[in-house]
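Paired with chain B in one complex and with chain C in the other, chain A is shared by the two complexes that follow.
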Partner chain A sequence: MPALLEVQQAMSRCLLGGEMPTLVPGLDAAALERLSIYRNTCRSTLLNALRLSFPAVQRLVGEEFFEGAVQCFIDEGPGGIPDSAWLYEYGGEFAAFLASFPPAAGLPYLSDVARLEWAVNRALHAPDAERLDVVHLASLIGGRADARLIPHASICLLSLQYPADRIWRAVLEEDDAALAAVNLSASPVRLLIERDDTGVQVQRLHEAAWTLAKRLCAGLPLCEALDSIPSGAGSRDTTAALLAEQLSARRFIGARLPDCTPPGDPES
Partner chain B sequence: MSIDTLRATPPGTSPIPAGAIPRAAGIGLRFPHHRRFMEERPGVAWLEAHAENYLGGGTVRHCLDAIRRDYPLSLHGVGLSLGSAEGLDERHLQRIAALVSEVQPQLVSEHLSWSVVGGHYLADLLPLPMTEEALGVVCRHVMQVQEQLGRRILVENPSTYVQFEHSSIPEWEFLAEVARRTGCGVLCDVNNIYVSACNHGWSAETYLRSLPAAAIEEIHLAGHATRALDDGSVVRIDDHGSRVAPPVWGLYEQALQLYGPKPTLIEWDTDIPALEVLMDEAAHAQHLIEGVRLDGVGLEGGRRPEEACHAGAA
Partner chain C sequence: MMNKYASAVSTLSVAIGLALGAGATAVRAADAPQAAKDSATQLEKCYGINRVAKNDCAAGVHSCAGQATRARDPKSFVLLPAGACSKIDGGSLKPM
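And now, the complex of A and B:
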């Protein structure tokens, strides 16, 4: 009698492989057509999940192309098969897949739009946490330069070669004039994506502000985050103003402080 | 060097209504109807939400929390994969446990199926061979889930399109045995029974009569599709994309006669219609529930199985 694991592994190949296999232990050949019902449900569920997460990509390439790209993504990955039933986490590798998907080579900005849409998707569903105001945050930091900030989980910082934010907005708003006005050879854009009380925000930051936000969100100690910020002017006042701007934007939910004598340490 | 973590405490949670799911007809809460429920609080006896849709934060979760304050709620899982040979995904179970703890639903349910192998989620409720090995796996996982959640769950009978040659236990006996060994409740999906009975040539009546009436805490109703296959056979597909089929309403009446009034849910997941359509389906189910109430059936939780057998044979 085939073991349960053997059956499940064979069904997995049957549902996700590029070709329908010939046999699943315990099922005869007549069952193959019925297995295709499961295969269709599985694959269309994954397709729908990506449709919901990448609406602008779908509009840019059309439904048929999108569906074909998703089928290749499922079969070839990496990341083409979800690792959990929480499908909002599915699709994180789709942008990278599109970047090296030969049929999409004619749309070099497509993967940048996908990266932005993925960040928007993550921001939409990130867990809730109270964003601290600058007074609360300052009291947690206590003036220590070695404090590390904890960003809200919705925040993502992207540096993109193409103006994906303009393309994304124009496509979703069906604004053909705005789409036609997008300058693809403009300099790279630095974006901050986050969810606030009113919804998901996508904004452009200048290089210095973006770099500082990126470092703070990566959990660098304040002193390191503030080191050599490429602000051009480079004055302490400018850096301090940038930090004040970040702290007052309610992007952080807490702070970590190094502590050499933790409570309960037997040697203390 | 150790790190002290300083975090803001989460905002306080609002009071959540207690009490059981009413023995009345409810409907499945779906995204297109969130706004209606938020703004109008339509008159529906209770709601059921798919747990996996609410594991994150943001607007979607805020809607569930707000709706929860005004409606009895059941959380219905689709991704725990109780039948996975390799064991449960602990991370997913923890997420579900956190949601259950925060939302405090009156019922929590999952499926007699599997979806995960080799760390891959296959995005469908897949059929299990009905073997002693699978029975052991499912029972172990039901107990693990009940322990982690600190509460009893319901397990729903699946709709299936294939049967394994090495299956040795009828599905209804398998499900009854899961309930007996683990103490879990049974979610009786009448449409699934009809679909599987048609697909495999089973007797839907036998299925209904063989389930442990006392363990049944909820009934599901939904529409299904019919498809002709190349080999000339016809397969019924549980697509939740239409009104409940007339023979399924008939089977539901038999279920009510056997089990007495039970919380009954109208599910619709494909081409979701206006809320009024779902409320209309729920009203019909409610009408049938009132019918058995008047008959006095199941006032103490349903007839005993032997009486049910007798009634079914009469």
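And now, the complex of A and C:
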């Protein structure tokens, strides 16, 4: 009789492996037939999860191609096997998979659209938290440049080579004119994706604003986040204006201060 | 390091002053194009359904009936994108 571990490993191969095994120790042909029903159900559930998380990608390539790509993703891609019981957490590697999926090579923007859709999916399911206004935030920071801000969990900053936001919107709204107007050779886009009170927002930011938001959201201390921000004039007023913009956009839910006294504190 | 910190403190205080003075809405509107705002409401519906359906039994084609024993063989049909991608100007459809 096979050990429990062997049975479990064989079961896992039957459900999500590339080919359905024809021989599994301890299982007869009838059991394998029933297991293949389970296998098919399992895979179609994963396919549906990705359909729901990547609706624009599916519309771009059509249903058949999408299904074929997902089958290959399950069989080959790292991340094709779910590692969470929550289906909305499945598919984080799908964009990277598409980037190197030979049949999709003719659509170089496809993986950028997938990255955007994944960020939107993450934003949708991020936990709720109260976004602080600038008065509250300023009191938590207490004038200290070594404070670190805590971003709302829905926020994601993406720098994409293709105008994935325009493509995504046009595809989901079935706006053919907007699709035809997409300029694939335009310069890279820097996006901020977040969920606010009215839903998921996708907006473009200028390079300097995006860089500062990215650093602040990564939890860098303010003094490091502000260091050599690429602004045109480079004056302190410009940097301050950028920071003011970030602080008043209600993107943060708290601030963390280090335990030690700040280097600029006169009492130290 | 000391300079960087001092300069950051001063930037921070100017920024907070600016933010308090300007009010949140004016600054916010600057980096969100109106078109994006308008379309967000429509997209919300599309994505709103996802969340509800995601773990729904009915979402799977076979999930409850469990009748099909075989998925379509991914290699049995030609993998060629066929959807809206052809509507993008300059988007190539040639398999590479």
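Throughout what follows, the second predicted complex is superposed on the first by the 259 of 268 C-alpha atoms of A that agree within 3 Å, B and C clash if a C-alpha of one lies under 4 Å from a C-alpha of the other, contacts with A are read in each partner's own complex, and residues count from 1 in each chain.
To be clear about the criterion, contacts are C-beta pairs under 8 Å (C-beta built on N, C-alpha and C of every residue); 3 or more make two chains touch, one makes a residue touch a chain.
As the structure is a computational prediction, the values presented were derived from the model and not from experiment.
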item: Which of chain B and chain C A:H206 touches, first, second, both or neither; value: second
item: Touched partner set for A:S12, first chain B, second chain C, both or neither; value: first
item: Partner chain(s) touched by A:D227 [first = chain B, second = chain C, both, neither]; value: second
item: Partner chain(s) touched by A:L60 [first = chain B, second = chain C, both, neither]; value: second
item: Partner touching more residues of chain A, whether chain B or chain C; value: C
item: Which superposed partner A:E33 touches (first chain B, second chain C, both, neither); value: both
item: Which of chain B and chain C A:G68 touches, first, second, both or neither; value: second
item: Which superposed partner A:A244 touches (first chain B, second chain C, both, neither); value: second
item: Chain B versus chain C as contact partner of A:L87, first or second or both or neither; value: both
item: Contacts of A:T198 with chain B and chain C, given as first, second, both or neither; value: second
item: Contacts on chain A seen with chain B and repeated with chain C across the two complexes; value: 33, 37-38, 41, 43, 45, 49, 86-88, 124-125, 199, 262
item: Interfacial residue positions of chain A with respect to chain C in the complex; value: 33, 36-41, 43-45, 48-49, 52-53, 55, 58-65, 67-69, 71-72, 75, 86-88, 102-107, 109-110, 120-121, 124-125, 133-135, 138, 141, 143-146, 165, 167, 169, 171-174, 176, 179-182, 184-185, 198-206, 209, 222-223, 226-227, 236-237, 239-245, 247-250, 262-264
item: Chain A-touching residues of chain B, taken from the complex the two chains share; value: 1-11, 52, 55-61, 78-81, 83-86, 89, 91-92, 95, 114-124, 126, 128-129, 131, 133-134, 137, 161-162, 164-167, 227, 229-231, 235, 237
item: Residues of chain C that touch chain A when the two form their complex; value: 1-2, 4-20, 22-24, 27-28, 30-33, 36, 39-44, 46-48, 50-51, 53-55, 59-63, 66-72, 74, 77, 79-85, 87-96
item: Chain B contact footprint on chain A (complex, rising order); value: 1-5, 7-9, 11-12, 15-16, 25-28, 30-31, 33-35, 37-38, 41-43, 45-46, 49, 81-88, 124-130, 132, 136, 140, 148, 150, 153-154, 195, 199, 253-260, 262, 265
